[in-house]
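Across the two complexes that follow, chain A remains constant while its partner is chain B and subsequently chain C.
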Partner chain A sequence: MTTRLGWAPYALLLPSLLFLAVFFAAPMVQAFGLALQAPDGTFGLTSIERMLGDARFRSAVATTIALVVLVIPIQFALAMSMALVINARLKGQGLWLYIYALPLGISELAAGIVWVSIFTQSGWLNSILMGIGLIDSPITWQSAETPWLLIMCVVVAEAWRATSIIMIILVAGLQSIPREFLEAADVYGATTWQKIRRVVLPMLRPSLQVALILRTILAFQVFATVIALAGSGLNVLAGEAQRWATDIDNDHVAAAYAGLILLLSLLSTILFIVMLPTREEHQA
Partner chain B sequence: MESRRLHMWRLAPIIFSVALVVGACTSGDSASPSAGGSSDGGGGGSGDVVMISSQLVPTAEQETMRNEILADFDGTVDFIGSESGPFNDQIRAQEEAGSGDISIIGGLDGEFSAFAADGLLTDLSDLADELADLGINEDYLELGRLGTDQQLYIPWMQATYIMVARTEALDYLPDGADVGTLTWDQLTEWGANIESETGERRLGFPAGEDGLLHRFFQGYAYPAFTGGVNTTFSGDAANDMWTWMQDTWQYVNPQSTTYGFMQEPLQAGEVWVAWDHVVRLIDALESDPEGFVAFPVPSGPEGRAFMPVIAGLGIPTTSSNVEGAKNLIRYLLQPETQATTLTSVSFFPVIDADLPGELSPGLQAEADAVAEQQSADDALPALLPVGLGDQGGAYSQVFKDAFAQIVIDGQDPAGVLEGLVPNLQEVFDTSEAPCWSPDPPSDGPCQVQ
Partner chain C sequence: MTTAREPVPMPRPRAGRERIVGRGLIYLGATLLALFILLPIYLITVSAFTPRENAFDFPHSLIPTAVSTDTILFFINASGVIDSFWRSVIVALITLALSLLIGAPAGYAIARYAFRGRSGYRLVVLSTRAFPIVILAIPLAVTYRLWGIDDTVIGVAFMHTALALPFTVLITSSVFVSVPRELEEAAQTLGCTPLQAFLRVSLPLALPGLAAAAIFTWVLSWNDVFAAVILTLRNPTLPAKILAALTQSPIYFQFAAGFVMLIPSVVVIFVIRRYLLGLWGRVVK
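This part shows the complex of A and B:
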């Protein structure tokens, strides 16, 4: 039996559609418009060519992609084990949840500054390593001359800062897996690893997809942690957009960078939807 | 089902506490940045004055401005410290709209010259006459007329860049070198001595994202090695300068690309000898006056180049409160306020008045180094960029790019500089800015060479 809904659903959708149109669609169109204009207002590819020819463009793309590729797998492995620990209902599981979720309340820049105090030459890490006699003189972690070390610093800080958001999504996903499925697996004598592979991961697919999309989009926008830890030693796309907008005062090239970030985010979203189809998308 | 619901509830306190933290941060940010001690909104005799400034931008300096320097003003001042891009945008947006909130502008000489060129500034000659008794530096007043017969801004405060070293570094000075009359080559030798004796690279430059290294090239290295900046941007002398920088960099702490303010690595002992803005060195000198020495910058083949920084106060033609703005200028130039400005944010006075009898040892050390630098026989003052307007950022970017490519990536200076000449020329063609001292004056836009 169907109920006649009439115009009610559309009226209910209207506010969110309006919100999206005013605060997302309009600025997006405007940004693309800016990117396709030269500073003198003529339309063309000048600003995009300027971005492609920028001395820092290649390194910004390479660093951003390197960060995405390094951070996301580490975060998912960590988040998955954290979520399983919480879901295992150990003693004091509430405490674990609080500890794991703590970085959620800390801003990106503040987290970056905390990690600077750890990685700087006279920081905690070197003090500890020297204290236990592993090294004789401080190691320079944050030097532009050793970019891979610098990227590792950012990866560690990002993993600490932004893993809990994935964990929260995964915990929610784990808790929506009906107990009966796991009990049935137990009846057939499945080992823990088999249960994770055959029951938990497939059932978790929608949550994994959401978390991957969300986290990857955020990783393409990484900014404050890099500024705090690497200064001018590493270039990332969001940092370049900010530099062109506020330092150089050229909104057009900044918009071109923003458009590139949007494009990369869109591509990765499509990739995850194709790679990890949920049941509904399978049927569609 | 029951247990699942229970677990979802366990998440609630976390979500709640996150919301609380976020809420607390947001309300902290949006707290009204007003000063003047009156919270009644109406303010005192001068009413509400909105001041936008490209100076005193770091958060700590903004707080000091609001809570200490502006504390005794008889009105309410909304002080907005703003980076040069948004600073220009806001002032020009108000001009285009014909009215707005901004009552008064605090900025650098070069920024005012761009506003003046577009007729954005009110003539303050009457105010300058009225304040004549204070003995405002005549040269700076002349700068404030920007080549016209009107007083377009009133000098406010001044600063410059100097060197600071930890006293233990003095043991490694090259033979026969005097810290007061160093050359840039001796600095390299000094860094090499420290490196070979201690095993650490301990020279330091503020090459981080919020560091002022571009000013080092614009006002120190380029003029000292080439006698100019823009007209000598490429060529043999410029190549020599960049080769010197490459050589020196092997004795510079590699973490320098993260340093914004040199006082912190100096205090931590990561860096022993550093160049920076006086305001960004004062904490080290104040925290341990015995442990640090302040001294003039070294000299190059063309002289001991340094960059005096003159900040001024101007009133836009669209000011929301002209009387209040004038009162604020009168207030900021009072000897008491100038003294507070010196002791709280280390910007030096522009008036000729007796300051409080004794300066703290750190400030005294800076004041002595500045005086020695200005009066050196081979002193070569180099102006901050003049007349670039919204191209100021793009101008500095050219120097940052040169540094990244030549010093960090180790490319050949001649090739890099040649590649950057068109970028620099575009800055001048767009802004139509003529050359400034120490480059010879130009008819029309400065021609980069």
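This part shows the complex of A and C:
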């Protein structure tokens, strides 16, 4: 069958390759072309210098990195807890999985707005805190004067929205660990914590690596959650790319910001591959 | 601790009470995590169904006192919202159709054929996920102006297809892998052409999985805001419209908008809940 239809698989792949060439590869290359051009079309570092010299550049880099560094560990702790709950096979396992996976379909913007209803001055958090008598008057959580509170608002919203993707990857990883391994650990009297540290985590390494890489790349692009919760109170890289592209109408500086996001993503990917080598990479 | 000299103890069932307490703690943790996910969804729902004049009442009561569709209707009737809603639906449908049309054949090929370049192709598709989406939208906006499809539904749909295609290829390939190849071969020995064998045997068996993949593609497109903001101006999709309106709109407009964007996601995840692990888990490997 394979010999008779030797051309068939290539014919089936061709449309997707063509589409990705035009709408994925070409724009990627073009982005660097744009970033290395001035608006008048001459090549050089003008647009990159404009980005570096922009008043918001430093705060955008700092805020984006702060968000990544704060959000990722929280998300992994939450996702790991959720995955262990799913793996414990409670009653109604499907329901637990559905609840934890719910945010998988929720957009950044919708998630941002959901948490606006909680953090806004006359919102749910203040209502609840007043209700249980912890505060006497509402606290202003979202103010440009307290950027750390704004960052915490975004961290909580992102932890809520984007933990499920990690959870799903970890659950799939956990399910591939043979039950006998854990039973053997039981036989030798291992505590739950020992089982997690000595059996589960080492075997989960490939899944953890994939989840870390994927989630970090996404975290560097954080955008709508920040706009919804912080408005102009916080600058992030993707927000600056959008501002230069639509408000200032300078695609070149916007492309420079996009290129910077790509660079940071690639650096983090390399970092995770070096830090968490899986077995195959050890041998290679 | 047992020393090495002592006989290895038999697997002892843990004491009943200890086990029950441990189990209870897991249920407690599970419930707290579930509340963290569900409570905000409940709260935005209450906010969206609170009448506009009560939006600033403080403190709110967790059990709604006045329920009305006033806020939702205000949002729906705001200028441009209905138009952008339909635009979003159409963009997502085109994205769904295009990515299945282009991606499913490729998924089928890597599931069914052993051919030169198969692992290379898989690598190309996987590596697209290492590139931030943000970087595509800006150059595409420039290209679209040259092609004359800037600010159009089809332009946004092309971009969303580029985002969704790698997922579609990997998901459909895992769907076709789960349909036994022997069935297709049996159909061919009984006189079917390869195409007939595919259409009459594999396709019907793969249909639920393909539907799940399609629905997931739809939601990827429905949720995108960054690309839509960059690629549209006068013809925004719903998220782009809402993002642009955020700063000038009253807070109850936002609550209704958040709720309306949220609903399809919650429904979609419910519909494809049985496929979630298959969709994501296997894609990862």
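Everything that follows uses one rule, which is that the second predicted complex is superposed on the first by the 263 of 284 C-alpha atoms of A that agree within 3 Å, B and C clash if a C-alpha of one lies under 4 Å from a C-alpha of the other, contacts with A are read in each partner's own complex, and residues count from 1 in each chain.
Here is the rule we go by: a residue touches a chain if its C-beta (ideal position, glycine included) is under 8 Å from a C-beta of that chain, and two chains touch if they have at least 3 such contacts.
Note that this is a predicted model, so its numbers are computed, not measured.
> Is the arrangement of chain B and chain C around the shared chain A a clash or a fit after superposition?
Taken together on chain A, chain C would clash with chain B, as the superposition shows.
> In the superposed arrangement, which partner chain does A:249 touch: chain B (first), chain C (second), both, or neither?
After superposing on A, A:249 lies in contact with chain B but is clear of chain C.
> Pick one for A:49: touches chain B only (first), chain C only (second), both, or neither.
neither
> Figure out whether A:104 sits in contact with chain B (first) or chain C (second), or with both, or with neither.
Both chain B and chain C are touched by A:104.
> Touching A:233 in the superposition: chain B (first), chain C (second), both, neither?
first
> Now for A:122: first (chain B), second (chain C), both, or neither, which partner does it touch?
Once the two structures are laid over each other on A, A:122 reaches both partners.
> Who wins on chain A residues touched, chain B or chain C?
Higher number of touched chain A residues: C.
> In the superposed arrangement, does A:145 touch chain B (first), chain C (second), both or neither?
first
> Quick one: classify A:94 as touching chain B (first), chain C (second), both or neither.
In the superposition, A:94 touches chain B and chain C alike.
> Taking the superposition on A as described, I'd like to know which of chain B and chain C A:171 touches: first, second, both or neither.
Both partners, chain B and chain C.
> Based on the superposition described at the top, state which of 79-87, 97-105 or 187-195 belonging to chain C clashes with chain B.
79-87
> Once the two structures are superposed, pull the chain A residues common to the chain B and chain C interfaces.
94, 97-98, 101, 104-105, 107, 116, 120, 122, 168, 171-172, 175, 227, 231, 245-246
> Of all residues in chain A, which touch chain C in the complex?
Touch list, chain A to chain C: 1-2, 5-6, 8-10, 12-13, 15-17, 19-20, 23-24, 26-28, 30-31, 33-34, 78, 81-82, 85, 88, 90, 94, 96-110, 112-118, 120, 122-124, 126-128, 130-131, 138, 160, 165, 168-169, 171-173, 175, 183, 186-189, 192, 207, 210-211, 213-214, 217, 220-221, 223-224, 227-228, 231, 238, 241-242, 245-246, 251, 254-255, 258-259, 261-262, 265-266, 269.
> Which residues, counting only chain B, touch chain A once they are in their complex?
3-4, 7-8, 10-11, 14, 17-18, 21-22, 25, 83-86, 88-89, 199-200, 207-209, 211, 253-255, 257-260, 268-270, 390-394, 396-397, 400-401, 404-405, 408, 430
> With touch defined as at the start, can you tell me which chain C residues reach chain A in the complex?
For chain C paired with chain A, touching residues are 2, 8-9, 11, 22, 26-27, 29-30, 33-34, 36-38, 40-41, 43-44, 47, 55-62, 101-103, 105-106, 108-110, 112-115, 117-118, 121, 124-125, 128-143, 158-159, 161-162, 165-166, 169, 185, 188, 194, 219, 222-226, 229-230, 233, 239, 242-243, 246-247, 251, 254-255, 257-258, 261-262, 264-266, 268-270, 273-274, 276-277, 280-282, 284.
> Residues of chain A touching chain B in their complex?
Residues of chain A touching chain B: 39, 55-56, 94, 97-98, 101, 104-105, 107, 116, 120-122, 137, 140, 142-146, 168, 171-172, 175-176, 179, 227, 229-233, 243, 245-250.
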